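The letters A, B, C, D, E and F name the chains in turn, as written, and every chain counts its residues from 1.
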Amino acid sequence: MKLIEAIIKPFKLDEVKDALLEIGIQGMTVTEVKGFGRQKGHKETYRGQEYTIEFVPKVKIEVAVPDSQVQRVLDTITRTAKTGSIGDGKIFVRDLGMAVRIRTGETGDTAL
Amino acid sequence: MSTRLAVVLGAGLGMLCASLVGVPEASAQVAALKVDTGDTAWVLMSSALVLVMLVPGLALFYGGLVRSKNVLGTIMQSFMILSVVSLLWILIGYSLAFGPDKGGVIGGLDWVGLNGVGVDPHPTYGPTIPHQAFMFFQMMFAAITPALIAGAFAERKRFSAMVTFSALWSLFVYAPLAHWIWGGGWLAKLGALDFAGGAVVHISSGAAALVCAIVLGKRRGYGTDYMAPHNLPMTLLGTGLLWFGWFGFNGGSALGANGVAISAIVATHTAASMGAVVWCLAEWMHRGKPTVLGVASGAVAGLATVTPASGYIGPFAALLIGAAAGLACYFAIVWKGRFGYDDSLDVVGIHGVGGVLGILATGLFASKAINSGGADGLLYGNPSFFGVQVLMVVVVAVFSAVVTFLLLKLIDGMTKLRVEPEEEATGLDLSQHNERAYS
Amino acid sequence: MSTRLAVVLGAGLGMLCASLVGVPEASAQVAALKVDTGDTAWVLMSSALVLVMLVPGLALFYGGLVRSKNVLGTIMQSFMILSVVSLLWILIGYSLAFGPDKGGVIGGLDWVGLNGVGVDPHPTYGPTIPHQAFMFFQMMFAAITPALIAGAFAERKRFSAMVTFSALWSLFVYAPLAHWIWGGGWLAKLGALDFAGGAVVHISSGAAALVCAIVLGKRRGYGTDYMAPHNLPMTLLGTGLLWFGWFGFNGGSALGANGVAISAIVATHTAASMGAVVWCLAEWMHRGKPTVLGVASGAVAGLATVTPASGYIGPFAALLIGAAAGLACYFAIVWKGRFGYDDSLDVVGIHGVGGVLGILATGLFASKAINSGGADGLLYGNPSFFGVQVLMVVVVAVFSAVVTFLLLKLIDGMTKLRVEPEEEATGLDLSQHNERAYS
Amino acid sequence: MSTRLAVVLGAGLGMLCASLVGVPEASAQVAALKVDTGDTAWVLMSSALVLVMLVPGLALFYGGLVRSKNVLGTIMQSFMILSVVSLLWILIGYSLAFGPDKGGVIGGLDWVGLNGVGVDPHPTYGPTIPHQAFMFFQMMFAAITPALIAGAFAERKRFSAMVTFSALWSLFVYAPLAHWIWGGGWLAKLGALDFAGGAVVHISSGAAALVCAIVLGKRRGYGTDYMAPHNLPMTLLGTGLLWFGWFGFNGGSALGANGVAISAIVATHTAASMGAVVWCLAEWMHRGKPTVLGVASGAVAGLATVTPASGYIGPFAALLIGAAAGLACYFAIVWKGRFGYDDSLDVVGIHGVGGVLGILATGLFASKAINSGGADGLLYGNPSFFGVQVLMVVVVAVFSAVVTFLLLKLIDGMTKLRVEPEEEATGLDLSQHNERAYS
Amino acid sequence: MKLIEAIIKPFKLDEVKDALLEIGIQGMTVTEVKGFGRQKGHKETYRGQEYTIEFVPKVKIEVAVPDSQVQRVLDTITRTAKTGSIGDGKIFVRDLGMAVRIRTGETGDTAL
Amino acid sequence: MKLIEAIIKPFKLDEVKDALLEIGIQGMTVTEVKGFGRQKGHKETYRGQEYTIEFVPKVKIEVAVPDSQVQRVLDTITRTAKTGSIGDGKIFVRDLGMAVRIRTGETGDTAL
């Protein structure tokens, strides 16, 4: 099993989620994060005091998948999360030693 | 370009002030009319109550309904419209609306810069209160009306376009309508009655809102994205302040602390309560659950609808009006999807529909037994008065819609009406104002 | 089942309106009494101030104290109670409470539907203000009282049960009590004094709250889960609006802009300030740190406690009353854990305890030197008056508790009082109203 | 140590009350002056409006501007100052400020504990309203002034030091200044005019704020950390309530519902609108974008600046004053970085600068044609009056700054002025009050 | 060392935390996340406009543990986080190459 | 590639970020988390009701780096995030199988 972690633009979340559903992914976990990278942040002004905010709102999607599905998931996310402009984000793939479904105690691919 | 606009506006303002500075001439009126302190206290207080309806009331009511990235931009609309329209009112608006009548169409320029508008009472505009108190009370109405419209183009209108539009609208739509109906103009002469602004305020803003929503087009993602109100307690706070302030809006329109004031307040509160309960029940039956936003919307619908009738009716007519408002506005909003325009905060469904209903209800239920200065309605055997009310509905809606359309086209030529797509995606707060609401 | 209830309520409302429509008969009163514009302005304004205490004041005060999943459900209580009780008041409640006395027990049905309640003054209910103004001012009191109780069952009461309970309570508890004490009923005849509602409003709601808390049982997780207020600035905003509105609550009870009004306001503000300071000090000494919620609670305790006395005392009695309120209510709340009921928002500790204290303090400190229409208290050598006050405390508390209990049992038979456990876990906002407060 | 302070304060309060209890003596004044109900209604309402400016108005205005870890501590300042100063005002402050004059310097102790301050009018303090109404209206001013200062030391002042400072400041700075200018003291005798508190309220608090900011030192991380307002809608809500309440602040200073009241309100609203628009334009041109906080700040700057002039000028002078306020306060704040003190919430830039500007503008624009009880300004050929106004600016600023400095040094010796560095990092809410604002 | 990541129902957090403490776990890191899976979300209605929210609030607990403790921790979480109804969540176990305690610079098991 | 995850005190975020920038790190992802450990929480009191909050606000920084940079990043974070008092936090290092830049589809070290 692998854990695929994608950091994407927030407004792309629904699209990516729907595309993952379509290829048979049944679950995922999403976290609101702040990203720092090549994409520039924004300026704020309060009573003449200026601040430059370098962090950009991003969303992190984590999906645990059987090895067989890794490539399809990667492709799906890359395709749907892409706008072509800086800041589209990253996908990280890591080994997942074990997965347990708390409700049933199932482990392995059937736990996903 | 926006900066250029700022420079131009600044220069204009400067010149206006420079040209007008000086103490206004002492009023030339005969001081035969005596100021009554109780009536004056009530009208001053009522003016403050209408202010609180606008800021922070309407500002927060609308602010809570938008997404969090647009809340400052939305609140900003109420603050700027209040400021700009108030200044215009002093400089010229009041004179256009209430100055000595020119052919039933518009007020003359005699009172430009409040020239001659002093502290002695004016015989028709509140014979027991200072003329300035009447002018000030009316100023609040002039300010809140364009601010209502702003709900229709929330979350996408360019700031400079919003300010320009509201300023021009207050001069070219509001002032004439106020003159026709309240300033002794042609509709008043025909006997049309609008106690506290069902036509002047609500139909006019509702019709303008419809045109704005259509001309500006839908928000990006309308119908697909999640666009739930970002902070309903803020909207409910706004609702409470609107309800509170409406006692001044309608009660103050009696221009004194008298029987008409209290009966207007009772009617106002009754219709609000009934609107809230009926909307709640309609939603409960129709969708299976009562909602808090529904109750708030029903109360506002009741308030808006009873406004033109409030000074002419008893509590039972108010009950019926409130019930009709709750039902009609609820279904107007539920069904708006069918018409395909995006009236972001439902100005058409509440103020437009409520205003029309209210003016017609006035034609139906008004009774001289309640207010001898009013008229008897259709129910009391007076169909011609009802006819005049129907005429007023049509005239006000059409006039407001047409001039709104022309103004939008004019402004679209000067500066774009709508923010850029990326600005809209980012939100008005950061893109228009470099600020974030919460951190 | 809820939907069924909605249908029934809707039909009932419809019938009531239908049966009652029509302009109320012209008032038959002799118009010998003259309306004073200053007094009227003050009472109208005071009514608006009491409204603002309820929505948005109390709504937000309570809303901030609950967990974020229940904030809309909590605010909804205030809005719905305001609407429903206002309508009932017009239809029948006012007549029951203030209509011509029937044997000292209840008002007659003569004023049902505001029949005969016109704009001319009523000789005993404010001889210088329109009768409708008195009716309206009292309506606000009738609405706020059941809304106070709602704090005791917050975060777990089913919406339909809450509405039904509040409506019935306003007719079967509030209206009789108001009649006994303010409407010329038997307690009034005995000489009991309650200037602005220590017994009618605070003891009655406090006793009902206690019964509600016991009958409904504790919130799930009470005593173990983290149940801190989700938004204290919201509660502090509510506190500010309560303080502001209380000037009308107590000051308006003078029914005119006179010496009694100002001395009531001074007493009110003094007790609030003292309550805040004393609660703050008590907490500081007792727990090591002063809290902001403590200051707010102390102010409200001071306000509630001084209410019945405010029109009969000078500033120094108010100082003492405020201090007693701060101390007593603080320890009542700290010790409530020992009694094992879950009065979610401390209605018993603040309104119950404060109300009792205030009525007794009136029996102690009232002085004819301050208000010639009042009485002299125990301190001024009048033990029998103090005795009447003690009687009133007992009667009001017992009556409210007993009828509240019966109403709860009745409603529990019709529809469940409490939401399902999963609904409670999810929160009222989503489970009862399909809405979320913040997004 | 803080707990010890609490004990001491508690004991002191107890003794004061004990020593003073009793009904105040019946007023010895001849009741020749008659209370006017309209004027009284207006002054009562105005007092309530000033209360709402402080809590929740200023409390939230300031609360929204700080970081979320300090919002409760900031709101707490307004509530505690209101409570403590109100009690002191009753006990002694009012007598010092308005009691029978002692050599032009201070009021005598005749009215300690409101002794002799009854419901009959006082000939100079509002001949048509109860004396207590005047006392109460002034109490609100006494309470709001030290609360304004609190913006300068927000986010770092120890709670006990804040309370002690504000209490002493109200007695040793506010009461004498109020006496000199409003209580028949030496500045009043020289003819200095301050309609509603440009010097007494704004210059005094602005000067004190400057000294506080310098003596306390900068917040940790000032200039490097992100210190954006944590909740701008809260600040905008506060702005709306300030605007609303200011109608009572300035309009109520006419002590009646008369021509001066309405002309003061018109001037007030005009200056606020103009201040908002001009600040907006200045920022737009200077920084490229208009901000919502800028509009709110400009409105408050306009309100503060016009305060001393409001009862003596016409609308066009108000326009100019508003414009000057918007410009001057904007640049004062933008440039404050150059001076290197950390006035957290810009009390100096808005109230200090606005107050000075307003007093001078009064010297320039005041006109007897507007208010026959006032004076003619420099523009109307009266340079000596302008000179007196300049003198007042200097005297008030210097007196407030010097006494503030001494008080701070005194308190610093007793208890530290500033919280510990870790407490400051944690935030006032948890470190001073064991509470969190949001959960 | 392993990094154990459990996605659980939010109201179970305290119970799980207390149980972990009891078996000797001294630290953990908690994140608020939104989960998507078999558990259904909820409906919302605003002025007649309905939204279906598919994401459900969840809490993610991360605990780094020495290899020897993995099984006990898994058992403890499974036991305490379980309600038996859909949506109880998942546990993922991954290898942890290295751990450092910032305060002391300690690494390995002693850093936990 | 490795994924370095540091849990630090929130007020140290800017300092750590700036130090990472200086050594050439171009991107990172930040999450607000609640930590539980040796560092004590705080007390709260509401109307006499006391609560002890054991969770402490922390910030989690995730940085994906080529193997060659792991040690420098570790050193940099340890140095800048350290205050010396309890609760400074942990750094966890894990293997990263694969990284993809969504915008370009690049993988491996160049995707970072």
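Basically, contacts are C-beta pairs under 8 Å (C-beta built on N, C-alpha and C of every residue); 3 or more make two chains touch, one makes a residue touch a chain.
What you see is a predicted model; the values in this text were computed from it and never measured.
*Asks:* What's the minimum number of touch steps needed to get from chain A to chain C?
*Replies:* Minimal hop count between chain A and chain C: 2.
*Asks:* For the copies chain A and chain F, give the interface type as same if over half of its residue numbers appear on both sides, and as different if under half do.
*Replies:* different
*Asks:* Tell me, please, which of C-F, C-E or A-B gives a repeat of the A-D interface, judged by over half of the contact pairs matching in residue number.
*Replies:* C-F
*Asks:* Does C-E or A-E have more contacting C-beta pairs?
*Replies:* Ranking C-E and A-E by C-beta contacts puts A-E first.
*Asks:* How many angstrom lie between the centres of chain C and chain D, each centre taken as the mean Cα position?
*Replies:* For chain C versus chain D, the centre distance works out to 33 Å.
*Asks:* On a C-alpha centroid basis, what's the spacing between chain B and chain E, in Å?
*Replies:* 52
*Asks:* Whole-Å distance, chain D centre to chain F centre, using C-alpha means?
*Replies:* Inter-chain centre distance comes to 46 Å.
*Asks:* Please set out, as single numbers or ranges, the residues of chain F touching at least two other chains.
*Replies:* 31, 44-46, 94-95
*Asks:* Among the residues of chain D, which are close enough to touch at least two other chains?
*Replies:* 36-39, 41-42, 45, 226, 228-229, 231, 237, 287, 289, 291, 293, 434-436
*Asks:* Provide the full list of chain pairs in touch.
*Replies:* After working through each pair, the chains in contact turn out to be A-B, A-D, A-E, A-F, B-C, B-D, B-E, C-D, C-E, C-F, D-F, E-F.
*Asks:* Okay, in this complex, where on chain D does chain C touch?
*Replies:* For this pair, the touching residues of chain D are 2-3, 6-7, 9-10, 13-14, 17, 20-24, 26, 35-42, 44-45, 47-48, 51-52, 55-57, 59-60, 63, 71-73, 75-76, 79-80, 82-84, 86-87, 90, 113-114, 118-120, 130, 132-133, 135-136, 139, 159, 231, 234, 237, 429, 432-439.
*Asks:* Spell out the residues on chain E that touch chain A in their complex, using ranges where they run on.
*Replies:* On the chain E side, the touching residues are 2, 6-8, 31-38, 54-55, 58, 60, 74, 77-78, 81-95.
*Asks:* Touching residues of chain B toward chain C in the complex: what are they?
*Replies:* 36-39, 41-42, 45, 49, 68, 128, 226, 228-233, 236-237, 239-241, 243-244, 247-248, 251, 256-259, 261-263, 265-266, 269-270, 272-274, 276-278, 280-281, 284-285, 287-293, 295-296, 299, 313-317, 319-320, 323, 367, 369-370
*Asks:* Using the touch definition up top, name the residues of chain B that touch chain A in the complex.
*Replies:* Residues 425-426, 430, 434-436 of chain B touch chain A in their complex.
*Asks:* Using the touch rule from the top, collect the residues of chain D that touch chain A in their complex.
*Replies:* 226-229, 283, 287, 289, 291, 293-294, 297, 330, 333-334, 346
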